[in-house]
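Per-chain numbering from 1; labels A, B, C, D and E assigned in written order.
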Amino acid sequence: MNNLLEVRNLSKSFGGLQVTRNVDLTIAPGDRVALIGPNGAGKTTLVNLISGVLDPTGGEVMLDGSKVTALSQRQRAHRGLIRTFQITRLFHSMTVADTLRVAAIQKNGMTYRFGWGGRSADLIEKSVERVLTDLRLQDRRDNDVSLLAYGEQRLVELGVALIMEPRVLMLDEPAAGVPQSESHIIMDAIENLPAELGVLFIEHDMDLVFRFARRIIVLVSGGVFCTGTPDEIAANEDVRAMYLGEAS
Amino acid sequence: MTNTQRTLGAAAVIPIVAVALVVIFPNQQAFLAQIAITALLVLSLDLVVGFAGLATLGHAAMYGAGAYAAALYSLHVWAEPLTGLVVGILAGGLVALVSALMLMRAHGLTFLMMTVAITQIIYEIVNKSRAVTGGDDGLYGIMMQPLFGRFEFDFYGRLAFWYAAVVLWLVFLLLRHIAASPFGLTARAVRDDGGRVSSLGGGIFAHRVALYTLSGGIAGLAGALSAQTVQVVGLNTLSVTYSAEILVMLVMGGTGRLWGALLGALVFMMIHHYAAEVDPVRWMLFIGAMLVMIVLFLPKGLFGGLEAAVNRLREGART
Amino acid sequence: AETVKVGVIGPFSGPFSGSFGEPFRQGVETYVAMNGQPTDDIEVEFIYRDLQAPDPGRARALAQELVARDGVQYLAGFVFTPNAIAAAGISAQAKIPTVIFNASASAVVSQSPYYVRTSNTLPQVSVPTAQNALEKGYRTVVTAVSDYGPGVDAETSFVKAFEAGGGEVLETIRMPLSTTDFGPYLQSIQLQEPDALFVFLPYGPPTYSFVNAYRNNGLDDAGIAFVGTSETQEVDLQSLGEAAIGLETGYFYSAAHESPENEAFKEKLAELFPDAEPNPATVSAFDGTHALYEMIRATEGQPDPDAAIAAISGASWESPRGPITIDAETRDIIQNVYIRVVEQEENGRLVNREIKTYEAQPDYGVQD
Amino acid sequence: MLSLIASILIDGISYGLVLFMVSVGLTVTLGLMRFVNLAHGTFAMVGGYAAATFVTALGLPYVLALILAAAVAGIIAFGLEIALVRRVYARPELDQVLLTIGLVFMGIALSGMIFGNSLVPIRLPEFLRGSTDLGFRSMPTQRFVPLVLGLLSLAGIWLLFERTRFGVKLRATVDNPRAAGELGINTRRVYAAAFAIGAALAGLGGVAGAELLPVEPYYPLKYLVLFLAVVAVGGPGNMAGSFVAAILLGTVETAGKYLAPEFATIALYALMLIVLSWRPEGLFQRSSKT
Amino acid sequence: MAKEIAWNSVDAGYGRTVAVEGITVRLSPGEKLGILGRNGAGKTTILRAMMGDAKVHHGTVEIDGVDVTGMPAYQRNQLGVAVVPQTRDVFRSLTVRENLIVASAERDRTKLAVKLFPRLGERMQNLGADLSGGEQQMLSIARAIMTKPDFLMLDEPLEGLSPTLAQDVMKSVRKMVEETGLGCVLVEQHVATVLDFCDRALVVQRGQMVFSGTTDELRGRPDVLESAIGLSAVSSENE
């Protein structure tokens, strides 16, 4: 089997504090993996390490079988490794459509074009339209992102990632701040992603986790505590006590 | 209004204003030429301040580089004006490119102080190279050939003004085009959150360098225009003080909109000129008070205020 | 009566207004108050334009506007060399006789055939200062000048004259204009134990800091004599205070110059401007106005630039500073240079007491 | 050789202390409050003029005049804060630039009109005049003023801003004014107090540094770059950082003056470039202690 | 102690826009009010109107009978209202300890905060910016509680908290309500949580109040839940 993403023995410390401990993890095409664990377990840090925001203190990240540990966030993004942020990061002076356009421009390598026009420009407009429709944001296309309600900003955040047509997508609490009734918009969007894509998502909403994950990784104190199918995890007494509590 | 109409309308503004200025101020064309050149410089500054979101006190470095390069070129190589402009662009762009490699990872106060440092170092070097640059006495003796081989530079500054105004016009149209392009949109994204752009695979460092170099090239062009029309280049073209003055013009006019740069330069120069004429002693008090008022009452600068006023009129007309 | 307009360009605001702009205006107005109008039916009108600092572009624009819009027949003023040079194009092409009140680089006057200067050049004052240093028996000096045009001119001409007279220059230091702490320069000069220290600094804050540093770093105790030029300038003199007493400088005007012309000038100045100090810049403007009057009278108020320049070339008169002549060839000034020492008068005021005169000094020019 | 190094250090540190003194107020207003206060020099100048007036016109003792001068600068700043400055804290930095430049222009014009365009010396008392013998060389006695005041104000502001609740409140307000208000902090009062303290320190610095940077109308513009350099190199908001930066910049420029006199300025700016490229957040920066 | 807080036919929004209209509610000590609504419905804006962060175009907000419309936020806090904002708003450049000290310098209070969230105790010297998302949420809640409010407004406080911790937080709040008579406003996306925790509920749709009443009443109004929140399967989820 060829894994899209493989993480080997990854570690990270901030000063004396070890936040990631020898993590091994693989994501294959079509995977829908949930990363759960108590607050401060190191989930976001792990995503930061994989996406290249942080440099690990040890271990390797491999993409399509080749090492990317030394590559920058930007280079990894070019290879299809895309993530969203737990705390939304959007371009505050822009409208929804422009925000998506910016992402599409980077995707299509059009940064140094000094004018619109040509076929790739149409391509950009089309993909922007598609994402707006998928996320039901058509009404908001010309609104400034900074004036949107928080939940809508989360949608745009996801839209930015989708437009990048990732191969591995890492979502840090994609549904946080989105009302329960609307979280399906987000999850539908994820569901509808091309099957061969690998998805890793962090989520504290167990309904969503159990509904969408096909595999769950439980992270505790920076290390992988256990991995399993949703049923296995739900049945795991230790996980219940430590993390799930009365949920599910 | 359709987009084309809008573009045509925008394109007509500079020529109309230029003609109007000449009609109103027929005997002050050297001054008007100064305004046009300054507006061009402020326009280039807007790329750094408005589009990249970086406050700089070092923009004169590129302006001065363009001015000295064009002056030396005309003194020692060829006194033809248009190629001189190209030399100015190259010099300004080169200085910008080299300093961008140092600067473009910094922002905020750090960036500001680094631009100051670079400008001061260049200033000192030019000051010390007296044999080449004339040092503090200035570089003089520049005699330009006629433009296109036909139009003589007259001492009333008539040609100087039209020459500068046309260059300003062309650059303005170019920049408007660029601002709306993928490059321009990316620039705004980089300004808002550069880290986010690199998480999308955008090369923000390279992009910033490109933007800064473009800005530097235009600043150099303005410098070359100044050298050719004034015929003397002084160290003041390289000073931090001058950088600060054009920054004030830009912020006063409104950043990030290009129009603000033009309006800021025009209004500041006019007010400075006439306030200093009316009361050479106290005009600074007046300008200072005016800046304070603008900040308090026109948060988006003169252009923002103008726009709001126009909108209100329109709304009023509609109801 | 017919009106002749004169445009005066200078720093009437800004950091140089205290040492130049205000003195310019005071000099002009004092002259007018003392002499009335040039003739019964010619009236002179002075139009002042503010130019704070070196800025050739603005200088040129102001000159152009004064000529084209305001219709001036004469220009005057100019503190900074690049400004004067930028306006030279207008002066030459529009044939506007122009009296330079300050800009001191040697090359300035030659930039336009209609330029006349009533201030000084730095070689003009530095060469006699060097001769005086030699005459006082100083064999070794270190020079310390501000690193800008006038400073470099002063250094070059001093060194040349001093070495030509058999002296030895141990080191030439050019201090950046922005320097505020002169202590280190003075300490390192002290280590070289020269007989004297030749100085040129612009007026105002640098002079103040330098003179204080000279005293407080103990150079005078170490016997290193102060050989200055414009450092004890009347604008700064009173604020220098005790630190200045005993300093020796060579320059072209002292307010303490003893002559009826100077007395009359000072009296009128004090009457018109009670707070004003009679400065070299005031006198330059005063004499410059005299030159303008001469030209206006010679042409009877008519625009005849060549006749005007012919009338002033070679003219001599008794200025408050002493006898002066406008060189018929170069249109530059020829004047006495005085060696002065700072003394305290009974009322506590400091004055530059003239102790020696080098007569009729020309611009020695800088050849390098 | 040894005495050369000693001289460089003595002159460098004493110059650095002057730099620190004239910038210390800015480490509060720009550094801590994050207000782009280009009018810092105006308050320093106000302090200088006030001290000169107290000493010369009223004949007050130097030390008293020094304290009163700081108070005058603080009070004027307090008034300006209420009338103008507080309206722009939440606005973009460039608006703050424009406002404070406006204040600088007005300050220049007004001081020129009131005190004239030449410099105004602050008469030193007898015990601070002349030079002090250090054994192998001498040093201007006046330099002890910035030495003493510099150390005192460093300690004072460190205690105030790092060790009292006021300091925490101020930093919280700067970080997120809305949240601070919602937690019961009177953000306006905190800001006004901090701004006045910054200006009072500026006033103190204006007097302490007046031998090197004499008081005159253009003071606020002339030395602006100097003030900013100290704060930027030290790391905005970091007192100890500014102190070290001031000493470092002072020493490097001084070394330049001894060793390569013509290039002292270039040395200073090159140092700035190097430090800021190497540490874009300044020499010191707050971080998690783990 | 404040006796009640009230929104009196409040229209509020940002700049010239109006985001919510005609909001009228009051809340007494010991009461728990839930606010429900879709994305952008105006839930946050209602809380902001109470703290003065949204502009009140019309109507008034009162704390204990005092009209506080137009009062600065710190005075409202001193009158007894605290908020945990949706954006958490921890002071990023301050350490955890300093974040807590800002709210109150009393030692007991700091201890209380650490007791509630032991995790924070381990991170006292960390800067706010370096905390994990959940840790920031804890800090934000702890800080608000430390100001000893009579009324606590929580804007989606469970977002980003692990399920166990979320349960603990709700338990602690419930305990405070019972023991100290704290009044509580809870904006939540989990309808079940609101139905379970609150006495009363408010449902907003596009800035309009479409329901105000007890949670029991709301249970009996599937139409409201359906149209305003888009939940058809409330009953089944509520199990």
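Operating definition for what follows: a contact is a pair of C-beta atoms (placed from the backbone, for glycine too) under 8 Å apart; a residue touches a chain by one contact, two chains touch by 3 or more.
Not measured: the values here are computed from a predicted model.
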Longest centre-to-centre distance from chain D, chain (CA-based): A
Greatest separation from chain E - chain, by CA centre: C
B-C or D-E, whichever has more C-beta pairs in contact: B-C
Separation of chain D from chain E, taking each centre as the mean of its C-alpha atoms, in whole Å: 44
Centroid distance [mean C-alpha coordinates] between chain E and chain C, Å: 75
Chain A and chain E: spacing of chain centres that average the CA atoms, whole Å: 28
Distance from the mean Cα position of chain D to that of chain C, given in whole angstrom: 36
Chain D: positions in contact with at least two other chains: 109, 112, 262, 265, 288-290
Chain E: positions in contact with at least two other chains: 130
Contacts with two or more other chains, residues of chain A listed in rising order: 14
Complex contact set, residues of chain D against chain B: 30, 84, 87-88, 91, 93-95, 97-99, 101-110, 112-113, 221, 225, 228-229, 231-233, 236, 262-263, 265-266, 269-270, 272-273, 276-277, 280-282
Chain D residues touching chain C - in the complex, by the definition given at the top: 4, 7-8, 11-12, 14-15, 18, 109, 112, 116-121, 123, 130-131, 137-142, 211-214, 216-218, 222-223, 226, 250, 253-254, 257-258, 261-262, 264-265
Contacting residues of chain E [partner chain D, same complex]: 51, 53, 72-74, 76-78, 82-83, 85, 89-95, 98-99, 101-103, 105, 125-128, 130, 143-144, 147
Contact footprint of chain A on chain B as seen in their complex: 177-178, 180-183, 185-186, 188-189, 191-193, 195-204, 207, 210
Of chain B, residues touching chain D in the complex: 49, 55, 57, 102, 105-110, 112-114, 116-118, 120-121, 124-125, 128, 240-241, 244, 247-248, 251-252, 255, 281-285, 287-292, 294-296, 299
